[in-house]
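Chain lettering (A, B, C and D) follows the sequence in which the chains are written, and residue indices restart at 1 in each chain.
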Amino acid sequence: MNSTWGKNIRISLFGESHGECIGIVIDGVKSGIKLDNEYITKMMQRRAPGKTKFSTPRAEEDVYQIKTGVLDGVTTGAPICCIIENSNTKSGDYENLKSLMRPGHSDYPAYVKFGGFNDVRGGGHFSGRLTAPIVFAGSICRQILKDMGIEIVSHISEIAGINDDVLDEAKLNDYMNLTNETFPVINKAKGEEMKEAIENARMDQNSVGGVIECVVSGINAGIGNPIFHSVESVISGVMFSIPAVKGVEFGAGFDIAKMTGSDANDEYYYDGSDVKAYTNNNGGVIGGITNGMPVKFRVAIKPTPSISKPQKTVNVKTGENDEIVVQGRHDPCIVPRAAVVVESAAAIAILDLILEDR
Amino acid sequence: MNSTWGKNIRISLFGESHGECIGIVIDGVKSGIKLDNEYITKMMQRRAPGKTKFSTPRAEEDVYQIKTGVLDGVTTGAPICCIIENSNTKSGDYENLKSLMRPGHSDYPAYVKFGGFNDVRGGGHFSGRLTAPIVFAGSICRQILKDMGIEIVSHISEIAGINDDVLDEAKLNDYMNLTNETFPVINKAKGEEMKEAIENARMDQNSVGGVIECVVSGINAGIGNPIFHSVESVISGVMFSIPAVKGVEFGAGFDIAKMTGSDANDEYYYDGSDVKAYTNNNGGVIGGITNGMPVKFRVAIKPTPSISKPQKTVNVKTGENDEIVVQGRHDPCIVPRAAVVVESAAAIAILDLILEDR
Amino acid sequence: MNSTWGKNIRISLFGESHGECIGIVIDGVKSGIKLDNEYITKMMQRRAPGKTKFSTPRAEEDVYQIKTGVLDGVTTGAPICCIIENSNTKSGDYENLKSLMRPGHSDYPAYVKFGGFNDVRGGGHFSGRLTAPIVFAGSICRQILKDMGIEIVSHISEIAGINDDVLDEAKLNDYMNLTNETFPVINKAKGEEMKEAIENARMDQNSVGGVIECVVSGINAGIGNPIFHSVESVISGVMFSIPAVKGVEFGAGFDIAKMTGSDANDEYYYDGSDVKAYTNNNGGVIGGITNGMPVKFRVAIKPTPSISKPQKTVNVKTGENDEIVVQGRHDPCIVPRAAVVVESAAAIAILDLILEDR
Amino acid sequence: MNSTWGKNIRISLFGESHGECIGIVIDGVKSGIKLDNEYITKMMQRRAPGKTKFSTPRAEEDVYQIKTGVLDGVTTGAPICCIIENSNTKSGDYENLKSLMRPGHSDYPAYVKFGGFNDVRGGGHFSGRLTAPIVFAGSICRQILKDMGIEIVSHISEIAGINDDVLDEAKLNDYMNLTNETFPVINKAKGEEMKEAIENARMDQNSVGGVIECVVSGINAGIGNPIFHSVESVISGVMFSIPAVKGVEFGAGFDIAKMTGSDANDEYYYDGSDVKAYTNNNGGVIGGITNGMPVKFRVAIKPTPSISKPQKTVNVKTGENDEIVVQGRHDPCIVPRAAVVVESAAAIAILDLILEDR
């Protein structure tokens, strides 16, 4: 097990979907920061379930309780422990999970790794619910980054094959409202198409996936490291920690593989005294280090594995082939709720990198 | 700076492209392993430059010298230090690099981070040449993995938009010869097309990129971790440490985002007493942990940034816009040589993960 | 800040003396262990305040609540979060601490490090109260170690210059009852003298210190590492994490510096098929690695800095010299309560080392 | 194995006493530092063997070769690899070490841990010779610390029970010449007595140990961490990495255990605008954090285990009790050469701590 991450900001995640609570300890936040609880709450609500018909009907309030490290609303420099109680659990739904392994879920790998002792209720420690504390921690990191002039914005780039408009880095300020939305798209008409596709999947007892595109603006050149612990290594590491993520690409990503060098290279120029690039095919990172352009990356998210259609699987108790129909309340598409998780995980990674170079 | 990686296998990379040497220290290799030097040499040669007309004419022999940690050819358990001397350096080529920042290269980010003190000759510590020690370390890890029944194979999935055949996981044994090749493709005709595209790029003073697909077979279910330090997190971390990598995806990767849940989920069945899946859209990893299917991932590599065409850039000495024509000897496509680097980096990551669960 | 420790067992400590709670997250405990809550409670009670007249009258029940990682009393493999609520806080006692720096306390160093934002109530995150979660975590580790045949015993070697008898390693089984005691000494008469010295100090509004001697028996040869992360490095690291510890020595410790080599060397012999040593001047560790003899070390603990006598100090608000009389409820000697803390911290360190070599 | 250390300054140690070379990689040294090679050489010579009759006649020049990370004498920010070749090895002396375990040496623990594959020649990776690269790395760190106004001085506090004068912290500037000496004592007459005791031990085919006292001056208040990674934890961790160290104490150390609180507490006062303490019983560290007083600690070093007297031991090849007479060239007392090692290891630890708080 390894639910601890970070070098300069260290987080330790704990909890299970249907246990008493979930939570996080954040070690390394400097003292004297007045936490913006309104902002944190707003971010938590973007992730919280039950807010739209596209998400699971399990309505958790996700009220976070800061237990330590904050006095009179101001960080003390001591570790911040935050707990979110699980209020709306229906564990009865999951009883047969100890024997029938849900396809696409962690059930079987976790069964092998933990010898069947893992908490299977609602996915236990593997639940997407564990991203709530990540949003909490990320929101604090974002507040610190904002004070440095760094903003993180994301949008739903794709759902069910339907694409949003491309985010124009030159107009990042125009997109700041996206960070307030529960379904952040640039092109609202495309957003409606996506919603329709999600609804169709739900009616079909199925699910759909998508892609989140995320941009970090205002970050100076010179942040990161060559080779190991490159900006891409650190960001991809936290992105692949988000359940259901199966791909991460920076800048032009997989498309850069089709370009020629003369097209792919981002040529530089002076914009006043600042060095800028005409293009950003490298996503703001070269040689593992930021070049002053926005850090841009895309994250592929698989369709929710919890579907009500019958599926073939194995029964590890009987040792025989079997069939499963997953009951319970599930999102037909987790991509909208994942946007703020991607932003938050990015914030943690970026702050950790910046503190390395302070 | 942060050229140290790993938890159970710890590697520390050092050296510069045109300095005295490059090398690596590997800490955590168990005692009593008789190193297969023929195998290590073969892998090193797959990466070494100057072997084909598709790679840089800089002909380095890449002779590795094991300085410590091995006695009479057998590991002692003490750290293994390996040094590769730089024999064929032409540093005169790079003199103007201190002022003119090459687009697509680490020059500008490194200039900012290191205040101009970084060794710019041949890219210094950022050079692709630093992957040679990674191949050395990875080859030792691969030898250990082989003894556990784990094989790592890769092929060039794409160069300049030309695609190789898909690697059929069910026939992995048929592809083992790929690990002996300097231009590993399944479909030789497609390989010839790729070579032609590379040659065309070279004649055009340009470069092309591509994609490496890599498969790890024989790995048990239950390896890895939920959330942080998932198999995907750890593998993507080392992949994005390889210069020029801009994307990493597992299983169906970005395509899984277009699927429905019922298509994406890998249904299980018993194959005798073994649990298998009918498909492998998750690339052998679910919930951050292996499910017993081959671990499969693809890595996007950008076109070599070193091109002889004139490019716009900044001159950090004069503070003015300028133009650069990159001289020196360069690969028009590094993808073929990158295959063994991807395999080697994967080996280090996989062994580190397995030792965690021993 | 850095309240995270460990490689194979990772602990993350949080909380403040007079805040809402204190607690710990333990990551890396294997699944399937049925926790012995009676044992954990017994160990917690040995440390808890208010149990004897020698300790602070602040009577905390120190009831631990396991929030995560345990299902039906059995570990799941997920991180274990334990919280201990602070029930008996009298923060009014400490109001002037923001300006008057208590000598011997963390007040002034913490004031500088955290810019005055640290929680000063009861010492905040620096309080000896933070050792309660360490005892909780250590008790779980001890349970795991017991299953491997490893026992940890300590006694009060010295208080106020009064020495207990020397612990005879050859008769370790005779001392196991010490782990049930709140005032663990071998020679009860000496123990009475110590208690008298403590009582005298209390009457004199003063305090006294002492030495804990700890022995780890049943540990195999071959555990640990050369150079960094030697057994001594790892154990001393956690011992010096316990507030008030100012010295750590192994085996003959500082006395070995006065010996000749022929006296200091522990000569070996076969005891049946087992290798044993006639003496244990090296405290069971040579070259950073266990040699099969009991690991033995001593820990020096300074007198409680909280004394009611007037002391000279600075007032950081006025910037002037001042005087302080520390109010509040304090132990005249923390050594008796520290014994179980030393044992627990040792258990965490030893388990981390053993897991490295599994 | 675990020869890697550090968070902000990361060092990776390699090599064997009688192999080809020993060396170190240092990752995290900032760019732009002009290395003071004269200073480094001087420090290396203080540790080098064969300089006095009190040390082993094995005369190694200990010429360090900086292979990477330095260009034109200035650090580039890339990892610094330093290699020291072994020139004067007489491995024939050690042939029987594979079966006869030398008492007091790492032979037996290493034999068990590494299954007999470890390099036993001259102690292999466990040799005190491995401290040479630590002096190299420490000397670079010291140069950086000097630029911050931090000086590290040590003296031989005790050899064979003979004590040097106490180092008066208030007159640290008077002691700076100690850092140039191969036998650093304050009281030269006492130094002669110590030398006589060493010579007597040598004539008697025996050895003696001692204590090094070390002081770090000029360090600001506010450096370090509560609980884990306290200044004492970090410094003791590297001290116990030095072969033969068996005890570490800070300030009054084990003597503080005999004091009352009113004597032990270091009362504060303003010295102009600076906070000072009248005494330094806490060795400059309280609550794990520096208080602005010099950091002071003492290190107990056992007598050299290599003695020519016959000793009882086991023969692991025959499985029988046996006797050994250790041949070869050895120091009758390593304490004088250890002084610069203690200073160097302290420098690495202190710089790592300071970078944490930058």
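Everything that follows uses one rule, which is that a residue touches a chain if its C-beta (ideal position, glycine included) is under 8 Å from a C-beta of that chain, and two chains touch if they have at least 3 such contacts.
Computed from a predicted model, the values in this text were never measured in an experiment.
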{"item": "Mutual neighbours - chains that touch chain B and chain C alike", "value": "A, D"}
{"item": "Centroid-based (C-alpha) most distant chain relative to chain D", "value": "A"}
{"item": "Intercentroid distance (Cα basis), chain D paired with chain B, Å", "value": "39"}
{"item": "Chain A and chain B, separation of their C-alpha mean positions in angstrom", "value": "26"}
{"item": "Chain C: positions in contact with at least two other chains", "value": "1-4, 13, 78, 113, 125, 226"}
{"item": "Residue ranges of chain D in contact with chain C within the complex", "value": "1-5, 13, 101, 103-106, 108-110, 112-113, 125-126, 130, 158, 160-161, 201, 204, 206-211, 220-230, 232-234, 236-241, 243, 245-254, 256-270, 273, 275, 277-278, 281-283, 285-292, 298, 300-307, 309, 311-314, 316, 319-321, 356-357"}
{"item": "Interface residues, chain B side, partner chain D - complex", "value": "1-4, 10, 12-16, 19-23, 25, 27-29, 31-32, 67-69, 71, 74-81, 83, 113-115, 117-119, 124-125"}
